[in-house]
Amino acid sequence: MAKAIDEFNQYREEMDQRILRSEHLGIKRFFALDHQAYEDGVLDSKTKELLGLVASIVLRCDDCITYHVLQCVKQGVKREEFLEVFNVALVVGGSITIPHLRRGFERLDAAIEDVQP
Amino acid sequence: MAKAIDEFNQYREEMDQRILRSEHLGIKRFFALDHQAYEDGVLDSKTKELLGLVASIVLRCDDCITYHVLQCVKQGVKREEFLEVFNVALVVGGSITIPHLRRGFERLDAAIEDVQP
Amino acid sequence: MAKAIDEFNQYREEMDQRILRSEHLGIKRFFALDHQAYEDGVLDSKTKELLGLVASIVLRCDDCITYHVLQCVKQGVKREEFLEVFNVALVVGGSITIPHLRRGFERLDAAIEDVQP
Amino acid sequence: MAKAIDEFNQYREEMDQRILRSEHLGIKRFFALDHQAYEDGVLDSKTKELLGLVASIVLRCDDCITYHVLQCVKQGVKREEFLEVFNVALVVGGSITIPHLRRGFERLDAAIEDVQP
Amino acid sequence: MAKAIDEFNQYREEMDQRILRSEHLGIKRFFALDHQAYEDGVLDSKTKELLGLVASIVLRCDDCITYHVLQCVKQGVKREEFLEVFNVALVVGGSITIPHLRRGFERLDAAIEDVQP
Amino acid sequence: MAKAIDEFNQYREEMDQRILRSEHLGIKRFFALDHQAYEDGVLDSKTKELLGLVASIVLRCDDCITYHVLQCVKQGVKREEFLEVFNVALVVGGSITIPHLRRGFERLDAAIEDVQP
């Protein structure tokens, strides 16, 4: 599973570079805005990553969930905090989010193990 | 506009009572879970309301946005913090969320005025 | 409210006729397919209207909900049966469907009154 | 393919247990509500599973479709009835649901074979 | 109805100015990207507005549909071309888009009248 | 990757034939409408395929994206034109579409290689 995360990160980076090398100005600027949206500001980066995670779950995007789970783990989000975010997402988004929560849990356990073995 | 918020609150309460009076156990329990999801826990209530707001914007539900804007104002969320949540939602959800942000801004200004006239 | 339903029906019919008079063959055929999908078959029309209703709620389309609530009332669906469909939709689609359930309840009460005053 | 269904069931059960062992009360209660929504009531369990299936298709969730196809087969839903549910879902949800219908058909054939070899 | 379009344009402009005056850099840049995405490039502005229209219909956003209908009329898109875009959107997005097509047709007729009285 | 496209095409054709052999009249007619929507008309087939592509991206359906990328390549859509469609889709649909754009880029490169080696 740590392997699954490595593969995700590698594919993500490789494709993002391929997209950015295509030199479309609009797309490059969008990627910059996306990056900046989660930087420390009036709200700190950790809170913003939690926002990104809940948005990813209710919109049901597995890759986005994996990405924000990893970012949240880096920001020191604890397992108990993840559970509360998952709960808000589950109540807002309904049972249709459950398959994504299953994969999110799997990614979370692997990511926490990686960081705190 | 403060009038618009009053009407929203009144309709919301009246219909929720009508729904709960219908005595369907599953629906009643869902409404209880929905309420509890935003209570103080490992994450505080303010953070959870921000989560509810961002989820409402990316899922593009005007009534849900109005509700969570009001809850956030009650929790003391400042205008600058709202802007950063709106920005995350806009980047994640795209320009299709803009009409909802327009109405969200309108509700926000009215709600802040009400509380801090 | 019965008035709200009358207005909905009138607008719906008027616009559908305007759309069909535009003589686009693909659109006309789609409207025919849409109509036929709810006719008696291996599953009866009542069951298919329940399917249409639950799909409309989880996809959060107020006009579609109003339409299928009216069709279900015509098919003799009882208030207790509506509650169970609403409950499935609420669990599958989450709290984001609640504003649509509020309006669905309002339409339902008005529609039942109309038919069984 | 029967193997694919076995793997799906195994992963689903394993992850659901891991999620429930995490002891978050809100999540546990949601899972209970989800289970109860499909039990016999004023509408029978078979009809409710059809509702769950159509909701899963229009919301385009492959795992949810697989799950409800299996439940429907257990409830004795016949191939002809599945086709009519697929048709309602296709008309309501549009051609964007077709890739999910392809996988749904594949699961359905495998599931029917398993039960009635 | 021409009045409805005037009111839409006025509200849209007023709120966009209020949002931009809030001086959040990320939001301002997003609005600029949104504007630039429809400018003449390798694809001309007319084709891009058609893309914006079909995306707005399948995502079921009334305000976005109104906006792109108006832009398309300005670009000289003819009624017959609109019908073909509506047809693609209807087939891809399903009957759940029909209420939005009704309102889209209404806006279209009003917009064409305004421009070619 | 050319292999991935071959497998996609083979699975797609096999399942579509299985679905059509099931002889449900509504489903067969829907598949015919779907096919006809992209034929030359007032708008040419190339423009309609671009519409199908942008709709597939904002609705986030990988298989639909692959299909329309292939159709667009057949219609002679150039890499620079794809980039502008991707940009419109990214702005309208937000960062949640990025994982689909990654896979879309991968398919695009493979498809162009196949056709213009």
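Lettered A, B, C, D, E and F in written order, each chain numbered from 1.
Keep in mind that, in the parts below, a contact is a pair of C-beta atoms (placed from the backbone, for glycine too) under 8 Å apart; a residue touches a chain by one contact, two chains touch by 3 or more.
Predicted model, so just to flag it, every value in this text is computed and none were measured.
The chains that touch both subunit B and subunit F are A, C, D, E. Considering every other chain in turn, the ones in contact with both subunit C and subunit E prove to be A, B, D, F. Rounded to a multiple of 5, the Cα-based rotation taking subunit D onto subunit E is 180 degrees.
Contact tally for A-E versus B-E: the pair with more C-beta pairs in contact is B-E.
Rounded to a whole number, the gap between the C-alpha centres of subunit B and subunit C is 27 angstrom. Distance between chain centres (mean CA atoms), subunit E to subunit F: 23 Å. Looking at subunit B, residues 26, 30, 33-34, 37, 55-56, 58-59, 83-84, 87, 90-93, 95-96 sit in touch with two or more other chains. Contacts between chains leave no pair untouched here, as each chain touches all the others. On the side of subunit B, the complex with subunit A involves touching residues 33-34, 37-38, 41-43, 47-48, 50-52, 54-56, 58-59, 78, 80-81, 83-85, 87-89, 91-93. Of all residues in subunit A, those touching subunit E in their complex are 26, 29-30, 33, 36-37. Those residues of subunit B whose C-beta lies close enough to touch subunit F in the complex are 58, 90-97.
Note for the complex: subunit D touches subunit A at residues 11-12, 15-16, 18-19, 22, 24, 26-27, 30, 34, 55-56, 59, 61-64.
Taken in their complex, subunit D has these residues touching subunit F: 60, 79, 83-84, 86-87, 90-91, 95-96, 98-99, 101-103, 105-106, 109.
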